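Pasting in a structure now, in structure tokens, and then I'll have a few things to ask.
As written, the chains take the letters A, B and C, and residue 1 is the first residue of each chain.
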């Protein structure tokens, strides 16, 4: 009984101490979190400024909603049209480009849709639909999901109408979707960062890459203090300033998995 | 206790109690005075236990009145204590069990311990004062229940077959305590199956038959010359050799 | 700040133990009062309480999120995505379990104690609390059931905590994260640690219960 009381007391003390700390809340995406980028990046920022960055990783759509509700100070996502809408509606102050990477189309080694590699995502998607090969979709209003929908459109396919049992809507993050794809030997669209750090590949390999349409841009936006006065404006801005600065950009470029660079800094010089 | 606070005599007027469609107590009227130790006698199912619970206030009569001398409900409650067939003790030390009762009775904190120890001394349980009550023997537990009642200094002590589960040795010890209660002026109201016990401890008998008061008499007269046929039949059944 | 394994386990224990402590403080008297009391609607309340034992954690998480969000009524408190929010959510989840199981235990004990306690003048809440203390060793089972639920759930803490690295990451949310990252061996190891922890807690409580029963009877 005494031991339990001591655990609870320690917990309460820690919590109180934590509450006093200087921190900002960043709503970001599962792809940035799960690729391990933040684990690499944030300690550098914290050391420099003493500001702790608390990342809540959701999909792009949910992250922007968090910003709309005022539950985050900064949003860091990857769906340009949605981000611009966010700022236009007055929920964000200004959008800054930070870095890019690319998507890749992964699928089973056996390649049931007979895509045969290459750089043409649109052709690949058409072949997948024609063959009715299993395809796993994020279905969660994330940046990746958004990009996937745009690609179906570019392929001239109205996926909402023409989907069949071969199109599996997982409604979940990149990791779980990759798990599902791996488990059912399906094709799926994923960002390269998550793919590189994903450990349960099963039979999946990269099927299409290098297509210009697979370009994936990340942007960062300060949540508008005019709409939500409690937003930590200075500290949030400090984070944005740092991540687009030479220091921050260098740190992004330095992040590698197995020697491969995941994200490519491209903040406006 | 000041005379003005006394709760006896108790008047029962046409008390009835029905449960589950059955009339368990069927119109009992009687006056219980201070003084004689009253034994409630009767066959199983006659209604002895229910009658005691009605009088003690654990049950409400379906009709009729149970009128104590005193109008103050608090005094009426404090003036009584009850000991049951199975002692119900808390998972605490023997002493703590008595302290609990004293606390409920709003005895000032400073006096509780000494009063509790007095009660334990009275029943001969001082040595086990700090032992957990539930590890005591059956006889010791019942003595503790009596000590708890003693500490409350009730005007009336109800006992519902207090020695039914005890061996003769423990029974004797309990009877000694009850005699001490009686000697100290506490009114005893006890139900029992043990006719020898009734004769040892009782002064008068209330004989209950099928929910009615069939006979009331001094204890010797009752056993030697029962006036009612029901009582006679009961005694014949219990003591066929008489 | 990166969560180490030790921090994750410590946070799980801290959050769940606090929630269970709070839920017990509220739930034990509540359950006992319902057991001993007689009032209109009592049976409906008991059925409701039993039903709430099955509250889906993710629903509780969602409700607490809506309460604590800046856009919600308690947004001013700024509690969202902090351990206290997780404690609140788990307390709500565990409270019906402890209250309902306590009600059952006290109601069973009341059969034995009722007449004597009422004879001594203990009524209502006073009697209920006396009973709770007297049957405290049987109530350990109820509390353990609550603790097991709290340690095992992920739906509530992940929504109100946000699974923030170094701040609100607990064992179950880490297992969820590592699973979704495809790192199944790590997730599995964490899972075994969690199970071992729960078994250890149960074993300890069982031993304490036995020792106490031997001593107090």
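Everything below uses one rule, namely that contacts are C-beta pairs under 8 Å (C-beta built on N, C-alpha and C of every residue); 3 or more make two chains touch, one makes a residue touch a chain.
Note that the coordinates shown come from a computational prediction; the quantities given were computed from them, not determined experimentally.
Among the chains, the centre nearest to the mean of all shown protein C-alpha atoms is found for C. Centroid distances from chain B, each centroid being the mean of CA atoms, peak for A.
Per-pair counts of C-beta contacts peak for the chains A-C.
A separation of 79 Å divides the Cα centre of chain A from that of chain B. We define each chain's centre as the mean of its Cα atoms; on that basis chain B and chain C are separated by 45 Å.
With each centre defined as the average position of its C-alpha atoms, the distance from chain A to chain C rounds to 34 Å. Within the complex, the chain C residues that touch chain A are 1-2, 10-11, 13-15, 17-18, 21, 69-71, 75, 78, 80-84, 162-167, 177, 179-184.
Listing the residues of chain A that touch chain C in their complex gives 4, 7-8, 10-12, 14-15, 18-19, 25, 30, 33-34, 38-39, 43, 46, 52, 54-57, 69-71, 172-176, 178-179, 182, 197-201, 228, 230. By the touch criterion given at the top, residues 53, 56, 58, 77-78, 80-82, 84, 88, 90-92, 100-101, 104-105, 132-135, 148 of chain B touch chain C in their complex. Touching chain B in their complex are the following residues of chain C: 112-113, 115-122, 126, 130, 134-136, 215-217.
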